[in-house]
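Two complexes are shown next, each including chain A; its partner changes from chain B in the first to chain C in the second.
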Partner chain A sequence: MRARPALTPRRLWLWLAAGAVFAVGAAVLALFLGMPELDLGTALSDASSWQYAALHKLQLPRISQGLVVGATLAASGAALQGLLRNPLADPFILGVSGGAALGSAAVTLVGFGTALVAPLGGFLGAMGALLVVTALATEAGRIAPLRMLLIGVVFNALAGAGLMVLQALADPGAVQLTLMRLMGSVGADPSEPLLLPILTVASGVGLVAMLLSARGLNLLALGDDTARSLGVSPDRLRLVLFVVISVAVGATVAVTGLIGFVGLIVPHAVRLVVGPDHRLVLPLSALVGAGFVVVADASVSALAPALGTELPVGVVTALVGGPLFLALLRHRPTRVAE
Partner chain B sequence: MTRVVQRAPAPWVALVVVAAALGGCGRGAGQVPAPTPRVVSLVPAASAIIDALGAKAHLVGVTRYCAVTGPPVIGGMDARPEAVLAQDPDLVVLGDYPSQAALREQLTALGLNAVAPSFVGIDDLRAAVTRLGAALGREAAAAALVAALDRDLALAKERAASRRPVKVLLVYDVQQGYVYTTGGGDHLGALLDLCGARNIAQGGPLTTRLALDAVLARGPELILHVAPGEAYPDDAAARAYWKSLPEVPAVRAGHVYVWPDDHLAQNGPWIGAAALQLSDLLDRVAGAP
Partner chain C sequence: MSVGLAARGVVFAYPGGRPVLDGVDLEVAPGRVTALLGPNGAGKSTLFRVLAGLLAPSAGRVTLGGRALGVIPARERARQLALVLDPPALSFAWTAFELVLMGRAPHLSGGRFESADDRAHALRSLEAVDAAHLADRVYPTLSAGERQRVLIARALCQDTPVVLMDEPTSHLDPAHALRLAGLLRELAGQGRAVACVLHDLALAARTADEVVLLSGQRVFAAGPPRAVLTSDNLRAVYGVTARWVDGDPAALVVDGLAPAGPARQ
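And now, the complex of A and B:
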């Protein structure tokens, strides 16, 4: 097998430029694909037209949200796979998704589900999950990665059971709407202008922390002892990254629901192309993930006239991501597993 | 040779007998027994129809979503078969919904007479009224109810003829930048059609999901939340939400309303009256006299 060239600054920037072109291209494509009836000339020049409002209040915030969410989920997946040394780790595996879903559904189904309260409930649920899972996975001041993974899986299952209890007690109409919310949707709500900035800050902090941890993640791949001997504290790195990733992913799930497969498929595809170096995998996954979610979201809008309704984007990422992941495993089983 | 040994009854048998006797006493104690047939209704619209037929006394079990007061509440629309069985009903009314199909099969297997009329369209409503009237021996009341419904609907249609078509968005809920509405094919779609309104989501599934940019592009002149909810209990709350999109004609003109009860959302005996109220609203939006 031919060895990959070492990561030089030139190679790094070339790949990042390619990733940025992909993300920006996806955003531009989404503008036209997502709303074909939009006349860009009118939308840019006539502030009194509905097209202006559609572009500035709805389309641009929606695309921005897609970029932020995609970048967060993909980079989180890449970081967690490195952190837990497990190729199946994804942003939802640590119980954050279950906590967020339960929190969001609880406030919605008991009747407090206004536009802002539901995301807040989701975020609190995610943070509650983080606290419980971290506390249970900590032994003698150290986080045990495998234990954390298992506790996360169990916590998600328990949260699923709690969700079912709520659904059994709630009004069928409210249940249907809650399920739609959890399926994962990117969408702009001009009545809640603070949601996107809050999401961007939470995700931005997480992304910066992940990018700064790239070298540490590379060393962690060599084993805890080696990493320690080279000046990286595995426990501290894990704790910091678990917290920032959980906050970022919790904010994402609270606003958009569960958009699956982005954190799994994108890092694997990126690693397959550029190799395992986190200094490149993390930022490139963020850029590719951003573009992937935006294109997936634009495709649900483009399909809406034919279907008569807009599918949640989480359905599309799962429908595309699932078979794609299987295809990757089938063609390159060893390298994907790596 | 086999010896048959007769033993004294176990203590638990005595307990069961006593409990059964007490249970039997409990049903009648202090209550007027329900007339025959005894009916359990697991559909709010069916309960309302039975009430409108003057047959509320037949109801021996309803769901917690039914507006009818008095009969015992035995659960949600997915009530346990045991809870239904405990009411000893002669007739169980369910809806022709996939979510109640399994329950209907279970109840039938238990030997109960379970019927599942459809409540989707207005024709379904007429058929359900007639069927329930026949089952309860209230044929005349059912015929009168259907006649009153048809009279109101005809009046609404007549009024629509003299009014320009109004573009309408019916709203079940709004969340995450999406509106949940009807794509037609149900009683709401039929009502809009009858009242001469244009559903901007026409052609979608029963529950259609529209992004707000699609709402902007289609420009509804009337936004009507079909029932008060926690987030949008009244007109003021709905207008507070929609005010961020004044480019929508309905918002600009102040034509954002919340229907004050669930008599529009639910396909029940009140639909004729709801059609006339909707006509009043459409007159106001269209600027008709």
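And now, the complex of A and C:
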């Protein structure tokens, strides 16, 4: 009997069932927390009631979007951490989200007219950020983890500046809409009903590709050379995951804006409980991340009456994740610096 | 299990640089332990990486079981050739057992999980390097020597006919180094082809069937230890004085620096 039981299909499915219960429970909780005055009986039975409309047009799309976004960000964080062998990697911290925000805002504002191109711009921005940050952080064929984090910070600042330039130049009405979206809110935009399906497909493709890469990510922990000797191509794995993470994160940011630290907090918590095997960490992070974002989002709507305004959900995730990031950075400086 | 590894006329140069290997021939034969020796900068590590398929030779060829190494599909190669490299730093809390179990990956098709047999194999591999008690320890908490043994166990768990190790004793205490020597003999006894880059001449002398002594980017001498590790050769290559002491087994003693230093070619 091992201290940590070996990962068997049975153990995997048990954990995933627990994760699914958590995500569904979080969605149900969010339904009530987000709109306490909703009477579910009426909302489900009476199609002419305002309750029915509120459930179908507001709450369900918002919760679905929260689930997809949380799953994508958490799984992308876990995959990036494994890929870069850096426990502090996260789409937000590495500037991938910043690149996606700039890319999606640029294509929206530069006048393609429709918000539907935003995910494409997000993908291009995310991919560009990932390539630039990785290239600059690579020294003699190795990625220097701390340097990569620093470059990510600088890249985020540059993306922020880029957004301000766009804001100054573009049409005020469009700017207002785009910036609202980038603030990090999972509320679905009723004028663009196609965004949620686009986001779901992009995230779904990304999640499947990440899950298929799980064993390769495990072997990569041993170093590129040993991974190669075990039949994995680290370069191909990196390329595939960079592309699918950019697609998924690009679409996520384009639709819901900057929701930071989910990719950091969730995989970290999951690993503490189940160990580092990506075959379990990736899908379980997706489920836990889905639940986490939905609850965080419901809590901002629950707080809205007291605050007089609704905070962006990204504020909540940053308030939880920022301190945790600092604690991690302080806790294991040597291991990260390696 | 009679798969061997061979290099013929291997030349390797980094882009724009002069050759680091200049026409190397060698054979890592099944059932034999081959030691790759040579002073710092002789090209041992580069030769190791070329033999391992991590670097493609600029000229010449490396064959595994008679087939060019470069054309063998990665997974198939992983079932034939295992590597022990310098212990890496790990960022996540893998246990020694979980890392050793990764050696089974090339044998698992599709999304299959490791079976009870695979887990038993991993435990036996840890036992072979006297590390069964480390199974549940988290890798970052292990000492350098313990890490090295765990990674050797990982290669054993891969269960390949050819095993290449790069300085496998660099972090080991004398008892574990001698145990490793015994393990290398055992692997060869099972018909495997075993090759190690070694710095410890005495260990190579008592363990290896074949010694390949590199110097100046070339093979200076190759053959059985007593024929290759002669005092003349060691003076010429390393600039040290050494002598053999008869016994069972005969031992090589390096006893000092040669007055004139190594001969420079």
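A few points about this structure:
The rule is simple: the second predicted complex is superposed on the first by the 243 of 338 C-alpha atoms of A that agree within 3 Å, B and C clash if a C-alpha of one lies under 4 Å from a C-alpha of the other, contacts with A are read in each partner's own complex, and residues count from 1 in each chain.
What we mean here is this: a residue touches a chain if its C-beta (ideal position, glycine included) is under 8 Å from a C-beta of that chain, and two chains touch if they have at least 3 such contacts.
Keep in mind it's a predicted model, so treat the numbers as computed, not measured.
Of the two partners chain B and chain C, more chain A residues are in touch with B.
Once the two complexes are overlaid on the shared chain, A:N218 sits against chain C while remaining clear of chain B.
By the touch criterion defined above, A:R238 lies against neither chain B nor chain C after alignment on the C-alpha atoms of chain A. Once the two complexes are overlaid on the shared chain, A:A6 sits against chain C while remaining clear of chain B.
Once the two complexes are laid over each other on the shared chain, residue contacts for A:G257 go to chain B alone; chain C is not touched. If you check the complex, the residues on chain B that touch chain A are 65, 76-78, 99, 172-178, 180, 183, 201, 203-205, 207-214, 216-217, 219, 230-231, 240-245, 247-248. Those residues of chain A that touch chain B in the shared complex are 34-35, 37, 49-50, 52-54, 57-59, 62, 111-115, 118, 168-169, 171-173, 176-177, 180-181, 185, 187-191, 193, 255-257, 301, 304, 307-312.
Looking at the complex, you find that chain A touches chain C at residues 2-4, 6-9, 12, 81-82, 85-87, 145, 215, 218-219, 221-223, 225-226, 228-233, 271, 275-277, 279, 335-336, 338.
Chain C contributes residues 49, 52-54, 74-75, 77-78, 81-83, 85, 88-95, 97-99, 101-103, 105-106, 111, 113-114, 119, 135-136, 140, 151, 154, 158 to its touches with chain A in the complex.
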